[in-house]
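Next up: some structures, all given as structure tokens.
The same chain A turns up in both complexes below, where it pairs with chain B and then with chain C.
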Partner chain A sequence: MPYVVPLSGGDITSFNVHNGFPEALVRGFRSSFLTEYDYNNLTQCENLDDVRLNLQETDYDQFLSSQTKVTPALIQEKATTKLVKEFNYLKAQAQEPLVTFMEYIQYEYMIENVMLLLKGTLSGRNVEELIAQCHPLGLFAPSTMKLIPMFEASPKGYMDLYQTVLIDTPIGDYFSRFLEEHKPSGHDSAGGDDANIVRNVLEEVEIEIIKNSLMKLYLEDFHRFCKKVGGDTAIVMCELLEARADRNAINITLNSFNGPLNEPHMRSTDRRRLYPAIGQLYPEATSDFTDVSDEAALAAVLEPYPVYREIWAVHMNESFGNKSIDDAFYERDVEMLELSFEGQMHFAPFYAYIKLKEQEIRNLVWISECIVQRQRDEINKFIPLFTDSAPWKVARRAAR
Partner chain B sequence: MVGTNLTQVLCDSDFCNTGWPTILTHLSPFGWASMGIAFTLSLSIVGAAWGIFVTGSSIMGAAIKAPRIRSKNLVSVIFCEATAIYGVIMAIILMGKMEDPPASDKIEVYEWTTAYFAGYALFTAGIGVGLTNLASGVSVGIAGSSCALADAQNGSLFVKILIVEIFASALGIFGIIVGIIQSNMAAFPTPP
Partner chain C sequence: MSAQVAPTRMALTLYKGKLVGAKKGYELLKKKSDALKARFRVIAKQIYELKKQMREDAATSFFSMTQAQYAAGEFKSKVLDTPHPAAIRVKTRTDNVAGVKLPIFASYNTGVEIKDNIGLSGGGQKVVSCRNKYHQWVENLVKLASLQTSFVTMDEALKVTNRRVNALENVTIPRIEGIIKYINRELDELEREDFTRLKKVVEKKRENAAKEDKRLAEVKQKMQNLRVEGDLLDDYDLEKKGDVYF
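For the complex of A and B:
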């Protein structure tokens, strides 16, 4: 009898059938985050060997034991390797639809890797070096990885790149949709035209815009998938993804002020195409963004949204409070991700675990860099996780 | 058959139905009683099994990073198992009330009223116990799963969440108390 796994994760009575074990695993991993006590010890270290010793007491254990010389880059690489091992272990224990959910988490890193490889090849760097720099969570088949940097800048080369490489990757769907959007009107899809379109797009459109467009399509697709899974997963994950989409929209607008995207005719076509079709700011605020060309106008559009008004206030007070808009967004993200662990029997802890562990790795790298460069005053500027008494949490509670 | 105040007879055979009530009265009380026994056993076991798999998978996963929770949290599994035991106890009690049916030549003199009452009482006692144990088992299982995960993060939470489980398993006890009282009144007459 064919075994049909239901698409939904299940409600509280049936979730544990397929997903009880992986969920319990990821909650076990949650207890392995560095605590306030660990961060205290780390910030008082004199050099990186002390850091290594202190990390041996934590869940990181012996991850640096075979290395003679410790550098911040090495810490980042080894910590990421540990995270990827844990992720792959979780994925091996998972069943549908959790497996597809975890693959969606990986697509983001695949997009980053493909962009890195394309950018690197266009500026003529070495294939091996580029592959070594790719994020390990976003690797696809090694043969595909090797093929991307090897395309030639000829029509046939672009065609090959598109048909054999980009389409076959799991994110190929996003590429084809992206190219559909950028097809100049009046072209129909004859074979030769496709190659020209690919070449035009890759040559003329900036890599950053390609990346933002792919991220937009990815977020919308992930959002749709979570809605299909339904239940608590849909409720929590859709909120997390919408927060991310809003963050992207605001950042794209903010970063475009000094660039070509700020021209009036570009705003309503090119820049508007980059805003994801999910989130609090969609559709009203994102269509208002077409009239925004400076910070004052942006502040006016964000006025009706209390969360973004607060974050914008942080940006306005940047010189006083010493916090940038990125820090404000990070803090909001971390708060939401920590809260997603609160409910049981949904998939959001898997997503939150990856994101929070990455934040922890960023914290570790920040602390190591500060130690190496002897910048003791800056060393406390990391965001500790799962600690109620962290200064940024106290400040947020006081502000409410 | 039973009763003589039948309404208009529409056909001559002995096996005709004369209305909807005959659907109920033509089901033998021994059938009602046996189904009651089957339901009490099977529904209780479905509830217990459901609870055990819900809590068991969480205990296994959580015990990987926090091995200390292994033995303590088996209490949740024991609570679930208790609902299955209630079902078995009730089934045995109900089976004790069963008697042989009358021989075919003694059907007229058998006390069918008492037999019907016994049949209905055993059936509903069985269904009552079975459904309450089903609910209780699922409830204990879900609470036990949360208990294991919380205990893995913070050991002091175990006893507090156990109280939730105790209340959940009390539901099964309510069922079996009512079932025993109800089945007490039931007694099949001895076959003549």
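For the complex of A and C:
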């Protein structure tokens, strides 16, 4: 019987046949997360050498053993390398559609890398430096990477760059759609105009706006893919992605208040284009966001959504509780990601594993920076993972 | 040195004038030195306070950077790659304290709007607060730099002034006083010399006069003796007005 690659990724009968081994691996990796006990030890450390000693007891083992001087930046770099190694190992054991799923996870980092390279070459920085700063999960084939900075900052150069390099990358699609949206009206796609459009867009639109537009397109695309895969994957992943999209929308609105994006005409064109077309807040709340220009209006729009109302309350109490809206969003993310490990027969654990590992790396860097800067009272402001004392777990136990 | 000065009355008045000038200059310079010293102490105190403040500023700024990176991810390269004109500039002017020109730096905002939207999809507020903290720190840094340059300049000026004060006090004024004393001594001596000479001359004259008298007296005596022997002209009566024929 010829082997047929299954399109569906999530049903009880066929899941373990095709994806059992990678899933077992990822659940093994789940137990490698730092526990509450480890975090307690780390916060008691006096300096970074103590931190290194404590980390040797955990799954991190000897990852810093060859270094003489330990800095927070070094810890981040090495921990990320470890994560990338594990991810690549998982990907090597995977089959379709899990492979495409994992590639979708990588697209997010590719977007950041491309932005970094483009902007870096616009300002004339060294190629090698830029490549060294790229996130390792988002690397293209080395040949492609080398080509990107080679192009000159001329209209023809951009056109070449776009046509040869960006189109071939998986995110080339997002780029072309982004350029479509930003084409100034009245121009037609004649050859010469295209090059100018590309150049204008890349030079004048700020890098953050480009990145957020690409992220929006990416989230929508990922959402479509998960729906196509179907089964439990669709259910769980779509919920996770919708939470991400809502978080982006709220943050963009909130952070634009002090900038030019808050102008009335900018709100309805540029800012609106950054809201993804998925999520609880779409479409009513996001269209209401067009009229929001300060925090009170934002609070009013978020009233009907209980989750976001609570998170907004944290933001309003920021001076009392010292917790910011970013912390509240991170906590909610961690809650949802931990829960996604609870079910079986779907791809969400792979996504959750990457995101939770990222949070762990953030925690490690925060703890080491606090130790180095001697800010002992702030050191506990990280979010521990998989603990029994997380606030949402406590609340659920109390409610029971 | 004293040998080159002519010990005349004119020289004396000249040097007396110089002494007055030197004394007056000494008074004025001392006043300047005191003013500089007072200002110097004030600046040193301000520097101490500001440096203590600087420690706090540095700690909070770097920590706010850590918080921003926790919330918004790595944004260092994004900031470095976006071309910004400077948002804070420093302008210099000179302040005049007791004749000493001090450079003073003042920072001012160029009003350049920073709209790079870092952390737009997360952590933007932390980035803004980080920016504000560093802004505050830079302003304090400019103040500190200004104070330290004035400190150094003031130090130099104070040294120079003190050197001049000491020089006047220990070298110039005693030298002039020495010269004046010398001239006075010489003048006195000249006067004494004159006086002595005068006395001697008067004595000599008296002696000479006495000698002269004595000689005259002797001559008269001789003449009297001669008249007694008779002489040719005895018969001749001067009253008879006849001619004498030989």
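As a working rule, the second predicted complex is superposed on the first by the 385 of 400 C-alpha atoms of A that agree within 3 Å, B and C clash if a C-alpha of one lies under 4 Å from a C-alpha of the other, contacts with A are read in each partner's own complex, and residues count from 1 in each chain.
In the analysis below, a residue touches a chain if its C-beta (ideal position, glycine included) is under 8 Å from a C-beta of that chain, and two chains touch if they have at least 3 such contacts.
Keep in mind it's a predicted model, so treat the numbers as computed, not measured.
Upon superposition of the two complexes on chain A, no clash is found between chain B and chain C, which fit side by side. On the chain A superposition, the C-alpha centres give an angle at chain A of 160° between chain B and chain C, rounded to a multiple of 10. Once the two complexes are overlaid on the shared chain, A:Gln344 sits against chain B while remaining clear of chain C.
In the superposition on chain A, A:Val17 makes contact with chain B only, not with chain C. Annotation for chain A, partner touching more residues between chain B and chain C: C. In the superposed model, A:Ser389 makes contact with neither chain B nor chain C. Touch criterion met: A:Ile325 reaches chain C, while chain B stays clear of it.
When the two structures are aligned on the shared chain, A:Ser66 is found in touch with neither chain B nor chain C. Using the contact criterion defined above for the overlaid structures, shared-chain residue A:Leu25 touches chain B, although it does not reach chain C. Looking at the shared chain after the overlay, A:Leu254 reaches chain C, while chain B stays out of its contact range. Per the superposed model, the minimal spacing between any CA atom of chain B and any CA atom of chain C is 30 Å. Residue overlap on chain A between the chain B contacts of one complex and the chain C contacts of the other is empty. Residues 12-13, 16-17, 20-25, 27-32, 344 of chain A touch chain B in their complex. Here chain C touches chain A in the complex through residues 59, 62-63, 66, 69-72, 77-78, 80-83, 113, 115-126, 128, going by the rule given at the top. Here chain B touches chain A in the complex through residues 50, 53-55, 57-62, 64-66, 138, 142, 145-146, 148-149, 152-153, going by the rule given at the top. Across the interface of their complex, chain C is touched by residues 116, 119-120, 122-123, 125, 133, 206-209, 212, 215, 247-248, 251-252, 254-256, 258-261, 274, 324-327, 329, 362, 365-366, 369-370, 373, 375, 378 of chain A.
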